[in-house]
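Structures incoming, each one as structure tokens.
Below, chain A partners chain B and then partners chain C, in two separate complexes.
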Partner chain A sequence: MIRIARRLHERLHLFMAVPALLLFAVFFVVPLVRGINISLTDWTGLTPSYHYVGLRNFAEFFRDARAVHALRVTLIFGLISPLLLCALGLLYALLLDNRLRGRGFVRTFVYMPAIISPLIMGYVWLLLLNSENGALLQLLTMLHLESWYRDWLGSPGQALWVVIAVNLWQFVGYAMIIFLAGLQGISAEVIEAAKIDGAGYGKTVRHIIVPLLLPAIRINVVTNLIGSLAVFDVISALTDGGPGYATESMSLFIMRTSFNGHTGYATAVAIVMFAVILIPVSVALQLMRKADYDR
Partner chain B sequence: MKKTPLYALMALIAVVSLIPFYILLFTALTPSSVSLADSRLLLRHVEWSNLSHAWRESRLGDAMINSLIIMAGSVVLSVIVSAGAGYVFARVATWYNRFFFAVLLFSMMIPGIINTVPLYSLMKSIHGINTHWAMILLLAAGFVPQSVFLYTNFIRSMSRDIEESAVIDGCTPFGAFWRISFPLLAPITSTMVILNAVNAWNNYSQSVFFLQSQDRQTVPLAISRFVQTYGADYTQMAAAALIGMLPAVAIYFAFQRYFVKGISAGAVKG
Partner chain C sequence: MLTAGLLAGCGGSGGAGDGNGAASSGSPAGSPGSAGAAASASASASDAAKPVKLTVLNGTVEAVDWLNEQIKAFESQYPNITVEQEFQKTASDVLKVKIASGDTPDIVALAQVPEEFYDQDLFHDFSGDTAIWDRLTNPDIKSSIADTNRPDKQFYLPMTVSYTGLYYNKDIISELGIQQPSTWEQFTAALRTVKDHKSGVTPLYLGGKDSWTLGQLVQYLPLGSIQQALGVEAANKAFIANDAAKLEFDKPGSRVETFAKALMDMKSAGLVNKNGASASYDNQLDAIANGKAAFVIQGMWALGDILKKNPDAHIGFWPIPALMPGDKPYMIGSPDGAVSVSEKSENRDAALKFVDFLMSPDVQKSYSVLRNSPSVYKDAAADWSILSRDIAQDTQNAFVASRWPWTPSGYNSDAIGRTVQELLVDAYKTPADFAKTFKDNWDKGYTNAAP
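Right after this comes the complex of A and B.
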């Protein structure tokens, strides 16, 4: 008995992964498996009984105009946001990598929104943009330019672009920090050598800096893809999916249908969303790994 | 001389970043009867009672305590279990350890939101709705993959010598890790603490479903309830949002260095 206890004591460290794996299994793997099971049923979430309906929920998805629209919103937001974040983040980083007085403060200001809840930041932008007494409307009225004001958040064609812009404003600092860290890793001599060889600034950026920033670009693209395709908070705050369903993303759609007595169907949509996220993320990873080898 | 346009651009960026915060401050502190145009854009009439009113109305004090409990619990739990798992994955190279590590890595690509519906029925069956403990477990579980990943990478880069000499001196490997190696993980631990704390403090997409009672609401929920229940009272909403974001901003300014280090650590290693 004592011997067993001692051996266990000596090998205790081998079990240190168990708590983490247990947490992960209970709150991630179990729901995932359960979700696949629920997606094949007509469960309403209200009654204990349900029937298996095969793949009917998945077929339903493609006939449901609102669901397909949510897929479109998710793809537009989720594919455009990472590109814009990368592009603007790189520009910010290139600018603030210069020896400018006060650049530390500006970096701090740019990054500050990224640590605040997207929900709260969304509400703050509502203060600026709302059509009742938003700051922008008041400013334009003050300058007698109120005819320039448009209720972008209230217009089905434009609301999504406002959401994309607010998200860009909030998280550009995150992309910038990652690029700045990448720029630290590029030695001044490489840049100097390019300059001596007669490369202008544009050429240096395109042919020297961007290829050397590939790891930073990868982390930016992949994390922002995952985050943007799952977007929830900022849409909740700014438009709550409106006007109508114009800015309803898949995550919002899933939440709403699941608590409207269509739990089985909502779970099937969640699994579609899982695929929608996995495909672009693995393509991005693959493409960039290839680019990495090509160098 | 050549730098003038760069300074102009930098000033523009600073202004774009700060304008929404100024509007927030203005709306939160100005009496609702005074408009931006009335006061010529300047903060002239400061009405501090806006803040205390919003604080009472949205029960922000209770919400801060709830947020604090959930944040502290999930951060401590995720750091402890992830450091342990990271140690095993870095030091004990068996096929199952490699497999579990790969599974965790893969799961980082899956946002938690797709699991919300089945999680809801799970939370109900373990009586975890509207409880601190279940929310702590749920959030900590969400932090595990990234934390384990960063810990494993960090521990791999550390030498085994100290642990081994502690074992020779009569420590068990378990004791050697927690007493000798864990303190040496301070740099990565501080990063983990800050990243997970911010994520826990800001969490909305999960707490909105699992913390529905007003007694258990966290800060983002308190502010959202404010917007939804009281219609568009922008003054009150701004005051609540201002108070709600202050702790995060304060922590950010105090630990800025670690934030930057933490994010770049992920970037370089990734």
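Right after this comes the complex of A and C.
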């Protein structure tokens, strides 16, 4: 009896995981399993009945030019945005880690957009860039420079870059804060020792600071990859996926396809999107783990 | 994955006969007598005292305040019933999620309820409610809102007749001596006159960022022309059956191809705004209200907002010039302001009471004025719009479609509009390319076909 009680006591921490596991099962595993089930059907989302169609929805994805384009948009946005966010966030962090006058104000100013909803931020930028009466056009008109204005949001080749720029502007502060926290953890003695050994600022950053910031880089890369590959709100507000389908991401495609009576197909695309997010995130984690070992 | 999860979470269980989406539920569809009578008959004295909470899903932003006023008036008459309005910009999509998750609103004030929900008898059938149909200004309205698959059933009550057409700025038009254009050539000539003589004024303003505005152009022009050729009801059947031989979407020189060519020509001639794919509906209304555009193609629902932007706007309304030779100028004059009641609602009787209140003459008069559209009810005639005289005249000269041209659920006006956006940003080399893409998307849009 005592032995059983002792064993139970030793394994008490396992029982403490039960509530979390239950929540995980209810809100992740069950929807996932049902999602996989629906992805194998022709369910319209409008009627209770459906038929199993095997892997037809997955095969259809690769034949569907609009879906493949949405995948391309997602990959361009999802791979370029994290790179830019990390690079610019690191630059800001290195700059604002120095003892500069007003650095607290600048840090707050750079970080502030990150606490606002991307949807709201998208609408704010839409008002700024509107081709009819946007603030930018009005400013240029006031300066007699209206010929400089371009309808970027109405151009299929440029609209996605505007979305990437707005996303970068909004979340660079978030990346910066994570890098700043990482920089606080680097001992001043290490930097001092590098200086004594004759390393200039560039070499110190490259060989000392960046390797020591690997955990911060990992957090930034992974969170930004996941967020960027699942992008929805900023595109929805700024371009609504347009003009045409030029900036339609996979998440926007899934929502529209689902509401247009092809829920089975949309769910199959959602499963594909899961893989699209999982693969780059796993590769990034693997590469950074390897970098950790090498170090 | 979150999306997949959400989709799965929202999805009703599969197979037939599940939960709210079930077609096999035992409650009978439809009830004879007026909505109020049906409600009164089944409501017992004890029920009258029982507190009831009704939910209304509203998809018309202009009607939010008006509906709140009616709710207040109704609640003062029925203290045991409270009504909660939920406005959603994308109410049609929200309704799909609500029904799939078993949270159907008691009342739905929305024109675009998917046909599939009517087919499952999820909504109350008003066809036997003779008292209300006897009040119609035109008895044909009843058949024009009949269910597509079961013409003896009416699953919603209309409130007004909404017209769509060509708004014009009277000052510009009279200054340039432009006469009402009936054909596309006359219309193009009128637009050229504006371009040549009024610098800074856009001849025809498009608000294509809100893609439904462009999708509706396709409905008015090539699809409207099919309605003229086949007749409204026969065209509706051809659209629903995707009768390719009658629709001829990708035939060389088809109506869709002619539409694409017309838009391409207008764009290259500078007769429409350069930013037609990125300017918004709001920009469009602003342009016509403030004399920055000579013409816009819109429905009567836009008039209230135009006048809000400029109460002194000098606006006129003509039918849309005919796209195809031999056609008449075109207007849609179809019942609008649809109100449905959930058949499976526990509060169905109270919901019918509320709908009965909404359909009362005084309430309908105020709705008619709010929407700048004539009421469908004889006893709710009101001085509904500054354009009422224009419309009375227009309807004499135009082909007036009593139904909107039907589109597949997977290729609605919003999605069609995105194809037109592509046309405006030069994604198609020829009108035939546009027609081919349109036909492909149309075919894929049917829910019973592979996407």
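Here is the rule we go by: the second predicted complex is superposed on the first by the 275 of 295 C-alpha atoms of A that agree within 3 Å, B and C clash if a C-alpha of one lies under 4 Å from a C-alpha of the other, contacts with A are read in each partner's own complex, and residues count from 1 in each chain.
Methods note: a residue touches a chain if its C-beta (ideal position, glycine included) is under 8 Å from a C-beta of that chain, and two chains touch if they have at least 3 such contacts.
Note that the structure is predicted; figures quoted are calculated from it, not measured.
Enquirer: Pick one for A:271: touches chain B only (first), chain C only (second), both, or neither.
Expert: Both partners, chain B and chain C.
Enquirer: Examine A:130 and indicate which partner it touches, taking first as chain B and second as chain C; both and neither are also allowed.
Expert: A:130 contacts both chain B and chain C.
Enquirer: Figure out whether A:60 sits in contact with chain B (first) or chain C (second), or with both, or with neither.
Expert: After superposition on chain A, A:60 lies in contact with chain C alone.
Enquirer: One more residue to check, A:244. First (chain B), second (chain C), both or neither?
Expert: After superposition on chain A, A:244 lies in contact with chain C alone.
Enquirer: Who does A:32 touch here: chain B (first), chain C (second), both, or neither?
Expert: both
Enquirer: Is chain A touched at more residues by chain B or by chain C?
Expert: B
Enquirer: Between chain B (first) and chain C (second), which does A:138 come into contact with in this model arrangement: first, second, both, or neither?
Expert: first
Enquirer: Where does A:69 make contact in the superposed view: on chain B (first), on chain C (second), on both, or on neither?
Expert: In the superposed model, A:69 contacts neither chain B nor chain C.
Enquirer: Is A:156 touching the first partner chain B, the second partner chain C, both, or neither of them?
Expert: After superposition on chain A, A:156 lies in contact with chain C alone.
Enquirer: Just to be sure I follow: which residues of chain A are touched by chain B in one complex and then by chain C in the other one?
Expert: 27-28, 30-32, 34-35, 38, 45, 130, 132-133, 230, 251, 254-255, 258, 263, 266-267, 270-271, 273-274, 277
Enquirer: Under the stated contact criterion, what part of chain B meets chain A in this complex?
Expert: 3, 6-7, 9-10, 13-14, 16-21, 23-24, 26-27, 35-37, 41, 77, 80-82, 84-85, 87-89, 92, 97, 100, 104, 107-122, 137-138, 140-142, 144-145, 148, 172-174, 176-177, 198, 201-202, 204-205, 209, 219-220, 223-224, 227, 232, 234, 237-238, 241, 244-245, 248-249, 251-253, 256, 259-260, 263-264, 266-268, 270
Enquirer: Report the residues of chain C in contact with chain A in the complex, numbered from low to high.
Expert: 1-9, 11-12, 14-19, 21-23, 92-93, 96, 100, 114, 116-117, 119-120, 208-209, 211, 274-275, 277-280, 283, 286-287, 409-412, 415, 418-419, 421-422, 424-425, 427, 445, 447-448, 450-451
Enquirer: What residues on chain A touch chain B, complex-wise?
Expert: Where chain A meets chain B, its residues are 9-14, 16-17, 19-21, 23-24, 26-28, 30-32, 34-35, 38, 45, 92, 95-96, 98, 100, 102-103, 105-106, 108-113, 115-121, 123-128, 130, 132-133, 135, 138-139, 141-142, 169, 173-174, 177-178, 180-182, 184-185, 215-216, 218-220, 222, 226-227, 229-230, 232-233, 236-237, 251, 254-255, 258, 263, 266-267, 270-271, 273-274, 277-278, 281-282.
Enquirer: What residues on chain A touch chain C, complex-wise?
Expert: Contact set of chain A toward chain C: 27-28, 30-39, 41-50, 56-57, 60, 64, 130-133, 151, 153-156, 230, 240-246, 251, 254-263, 265-267, 270-271, 273-274, 277.
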